[in-house]
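Below are two complexes that have subunit A in common, paired first with subunit B and then with subunit C.
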Partner chain A sequence: MKILKLPKANFQKFLLSLKNYGEVHIPKKKSEESYVFAPMEDPSEVALEYLRTIIPPKKYFFKPKESIFHYGDGNHFNEHIEDIDKKIVLFGLHPCDIHGLKILDIVFGTGYIDKYYFARRRNVLIIGLSCMPDERCFCRSMGTDATEDGFDLFLSELKNSYLVTVGSSQGDDITNDLKDLLGEITKKDTNEYLKIRNERKKRFKLQLDISDLPYILELQRESEVWDDLGKKCLCCGSCSMVCPTCSCFNVYDNLSLDTKKGERIRQWDSCLFKDYAVVAGGHNFRANRADRVRNRYYHKQHGFVTQFGKPSCTGCGRCIQYCPTQIHVVEVFNKIRGEE
Partner chain B sequence: MTKKPKIGIFGLTSCAGDQLAILNCEDELLTIADAFDILDWEMAKTNNDKVTELDIAFVEGVVAQTRDLEALQAIRKRSKLLVAIGTCAVWGGVAAMKNQIPREILKKEVYGEEINVVDSVEALPVRSFVKTDILLPGCPIEKEQFLQIAASLLHGDLPELLNFSVCSECKMRENACLVVEKGEICCGALTVSGCNARCPSHNIPCGGCHGPIEEVHYDANYTMFAQRGITKEEIQTKMSNFAAPAWMGQKLLSEIK
Partner chain C sequence: MTPQHTLLDYSSKARVQNVMLPQLARLVRVIPMVQDNYLFLFRFEDPHLNETFVYKPGQFVELTIIGTGEAPISISSTPTRKGVLEMCVRRMGRVTNALYNLPENSFVGIRGPYGNGYPVEDMKGHDVLIVAGGLGMAPLRSLLNYILDNRNQFGRLILMYGTKTPDDVLFRDELESLTRRGDLECLLAVEQAYQYPGAHPWRGKIGLVTDLFQYAKNIDVPNTIAAICGPPIFYKFVLEKLLKMNFSKDHILMSLERRMECGVGKCGHCAIGYKYTCIDGPIFTYWDVINMPELIEF
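Presenting the complex of A and B:
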């Protein structure tokens, strides 16, 4: 692991130089309370204060809606992967979002390898950025408040500079190319980093104890908490869309009018939608809202844990910020734990 | 289908906007005319065949006059499949907005005491009277959805229309939520998708023009708005613009108890 220093005076030059490695995407302000990752037109647009974007970085690898192949024209089919060769530099991912991608790597890489996802994964450079939590962040409880891998470079903010951690050979190449902008770290920088780190640790207000959560969930399958939640949840799917690890999709065909050609589309789906668990013959395994909401919670903190050894929640706080009926994931689990 | 399906496109009381949306499929119109045998389409052609049995009838509009009902029953009788197109045909649309006020009062208010020859009955959607096989809401319908239905039917399939609310499409477009951030009366969570969240993407709250999703959670919606100081009456007025017959009868759990 190599750590260098980027003085803040060189930051804009650094951002501009990233254009040599692909189309640079940065966090931008979208509205009073919301941010999005979008292409950088000018380095001054970068919203370094942002904490979470509406849609997480998954949109770069697993698009909300995309055509995955065309068929017809003499029994052939053409695999069509939009922008498959496009090089992108994605700047500004906080540790929780880098963990989100690491979880998606498991989802899309276990059993059947999703080539659409991984083709894009290879073409996008990840540059991380440190952060200070707000009242909705509980990444510390999920063990996703820091990351040692999953990035090409990671910038940790100090008062007048950034510590730049190299996380890949491509990241190393960038630091070699940009060595004029970078310097050596000093003992003073290290002390400053430790001070900020300790301060950050104290800033986490929201906590979720997940030590034995899968067991408690197993015991609480019939809890009235789920019925109450079913009464509150619109099943609008907003939480699934904004979740960094929700990765369900629907697959359907768009036929051409001559009925000889078509394209296969995949589009984000949500287990909260009424039709999600409908099977041939019309039976719906989760016809009730309460069952569907419970399923989503169990997937994150029970099913994924027992299969892969960790929850598929990163504690990013997006579902808390964007739920129209103010359902709060931590409050729900605290109720389930009997710790209201 | 090996033979060209025989089709008719019809309008009951309506603004003809859905038929216009079909005519606006300019790039595809010749293909449509080639793929289907269009026997009866008053709005678009002369020499219409009014008797031959149809494979598919597309019907726009609402039953708001007694002659609408007669026309609709005749269309149903001669058609194997009936596709209700547009929010009027599916939910009642704008014409049904004031259904709770008796027709006699409405007639007098609009036409005065003197005129008593207006044929006007309570406005109700096509599916209140006849069996419908496919429902395509929209005010007007979305071109892409119409073409998908047409292609599926040509292929011999029933189309699969997505059955989730505008919120998901809105999130996929990464819009800031107008309810969460601005406390506006946005009908997105109640309204079926298909428009790709057109209005919220322009910072205009969803007006519910596609009509409700299959399973609307009235109580949770009322609570959501109430948390932001919006009354039930305000919500109901807004929701009733396009699908009043669906909304007006809704009671909250708290009211039923």
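Presenting the complex of A and C:
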């Protein structure tokens, strides 16, 4: 693995140079406590202190709402893939969000392949950035606090520099192009990294034991915890929207006023919404809020684990931070585990 | 295996055929069967596709009514008879309503086939017991005709079909003509045989579908696969009967319904635990069903 050093003095130049590889998107501060991935206008805008954006990077690959084909121009269904040729450099993803994309790669790439997702995935360079956890981070429990792949470059912050890990052939091309900004790493840098890494390990306060969670969930299917949760949850779907791995969508058609032309839309959906499991004729397979909430928790920590061997949760803490009724996913599972 | 999370992996996946894009087809004929349950016949516009569209009994397609939207519809024809896709559709929701209002020869979109379908290869060599209730005949008719078209590859074949009245019997002419065959025990029952002036006289049995079991003597249970489909109350009583007869839970095949929007295991709507009705189903064994809470409501 190739690891180089980027002195902080060269960082702004580095960020500006990324424009040669596509439209650069960075974490920006939006208000007191909220951040967003958005196009960089000036390198000074980069919010290096950010911990989590409201909407995760999935928005670049799996659009909140997109037209997937249109009809009415002759007797054809015309494929439409938004941003099919748009090159983007996505800077500043923390390991949890890189894992989020790796989970989406599985979802959209297993069995039937989702062309829309991968048409954009191939055009986006991922540049990771190290982080220090807050009280809502539990990525360490999910095994997503570090990553060996899923990025083109990864920047680990030291006091006066960044370690730059090269994760792909395209990442290597960038470091070759920018070799004047980069240097070799020294023994001192390694020691500094280890010190920071050990400090980071101590900062994790939130923990979730998932060792035998699917089995416990199997036993606790009828637990009153779900009923209590059903009373507290508004089923607003915020947790699904901000989740880096939630990927449910709705499919519907939009028509022109003369009904001669139309387009098929797919749009983010949430399993918490009331009409999510309604079938023609009106029967709702999950009419109760408690059933819908339980379904979401079981999907993340039971269903996905059974199917792919790991949870579809990255421990990013977004659902904890943005729940309007302060539902705390770790507290819920700890209750289910009897570890209150 | 292609290495994951590499440009090669992504760009090869970006080049696949787009599974969300329907193929243009034409509604060639509408055959009224019973009230709000018509048979719709479709052909693809691409003549080649009519020959190459391969499916299994029990699979479904996503049918686009241009200007309304898309809905999952099970295929009632058999893959052994190519050229025309037949779908028995109940007028139920937005899309099916639009289909009923669609003039013949209109364009539609079809993508698929989706779902696992009946495990017909594994069923070969076995006796097959098909039990249908009401509209459950729609997907089972595909299986029935598939077996009849490959009759020598299967053992004893029994069909039990029950509805409320003779006016509710799907494929009535076709099924009544099958009662003449010596290699199929075709048992039909209605709860009430209405007799009104001009009504086609009912020659089947009167009673519930479960009453038909008395006419199928000496079923070789360990060698028989049961394929059953019908409304919730039907499942309750037919399952009870089959289990009493000592049918193994994984020799009972059920066809289930969920909200299948994408058909390709992505949109999430039909998920039950880690199973997706659209790719892991819609055909499940009773053993699968027991192991998937909320899969069926009796």
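Quick note on the criterion: the second predicted complex is superposed on the first by the 340 of 340 C-alpha atoms of A that agree within 3 Å, B and C clash if a C-alpha of one lies under 4 Å from a C-alpha of the other, contacts with A are read in each partner's own complex, and residues count from 1 in each chain.
The rule is short, and it goes like this: a residue touches a chain if its C-beta (ideal position, glycine included) is under 8 Å from a C-beta of that chain, and two chains touch if they have at least 3 such contacts.
The model shown is predicted, which means the values in this text are computed figures rather than measured ones.
Visitor: Clash or fit: subunit B against subunit C, after overlaying the two structures on subunit A?
Guide: fit
Visitor: Check the contacts made with subunit A and report whether subunit B or subunit C touches more of its residues.
Guide: Of subunit B and subunit C, more residues of subunit A lie in contact with C.
Visitor: Touch check for A:16: first (subunit B), second (subunit C), both, or neither?
Guide: After superposition on chain A, A:16 lies in contact with neither partner.
Visitor: Where does A:232 make contact in the superposed view: on subunit B (first), on subunit C (second), on both, or on neither?
Guide: In the superposed model, A:232 contacts subunit B only, not subunit C.
Visitor: Where does A:33 make contact in the superposed view: on subunit B (first), on subunit C (second), on both, or on neither?
Guide: first
Visitor: Determine, under the contact definition given at the top, whether A:259 touches first (subunit B), second (subunit C), both, or neither.
Guide: A:259 contacts both subunit B and subunit C.
Visitor: I want to verify one number. Taking the Cα centroids, what angle sits at subunit A between subunit B and subunit C, in steps of 10 degrees?
Guide: Once the structures are overlaid on A, subunit A sees subunit B and subunit C at 70 degrees.
Visitor: Quick check on the superposed pair: does A:121 touch subunit B, subunit C, both, or neither? Answer first, second, both or neither.
Guide: second
Visitor: Is A:324 touching the first partner subunit B, the second partner subunit C, both, or neither of them?
Guide: In the superposition, A:324 touches subunit B alone.
Visitor: I'd like to know which partner A:55 touches here: subunit B for first, subunit C for second, both or neither.
Guide: Touch status of A:55: first partner only.
Visitor: With both complexes overlaid on chain A, does A:306 touch subunit B (first), subunit C (second), both or neither?
Guide: The answer is second: A:306 touches subunit C but not subunit B.
Visitor: Using only CA atoms and the superposition described at the top, report the least gap between subunit B and subunit C in Å.
Guide: 6 Å.
Visitor: Of all the subunit A residues, which ones make contact with subunit B and with subunit C?
Guide: 250, 252, 255, 259
Visitor: Which residues of subunit A touch subunit C once you look at their complex with the stated criterion?
Guide: Its residues touching subunit C are 68-69, 71, 75-77, 79, 102, 105, 107-116, 118-119, 121-122, 149-150, 168-170, 221, 247-253, 255, 259, 262, 264, 266, 269, 271, 276-281, 285-286, 291, 298-299, 302-304, 306-307.
Visitor: Flag every residue of subunit B that touches subunit A in the complex, lowest number first.
Guide: 28, 31-32, 35, 147-148, 150-152, 154-155, 160, 162-165, 167-168, 171-177, 179-181, 188-189, 213-215, 217, 219-221, 223-224, 227
Visitor: Which residues, counting only subunit C, touch subunit A once they are in their complex?
Guide: 4-7, 9-11, 13-22, 24, 45, 64, 66-71, 92-96, 107, 109, 257-259, 261-262, 264-269, 271, 273-274, 279, 293-294, 297
Visitor: Report the residues of subunit A in contact with subunit B in the complex, numbered from low to high.
Guide: Within the complex, subunit A touches subunit B at residues 30-34, 36, 53-55, 59, 64-65, 231-238, 240-242, 250, 252, 254-259, 268, 270, 273-275, 289, 321-326.
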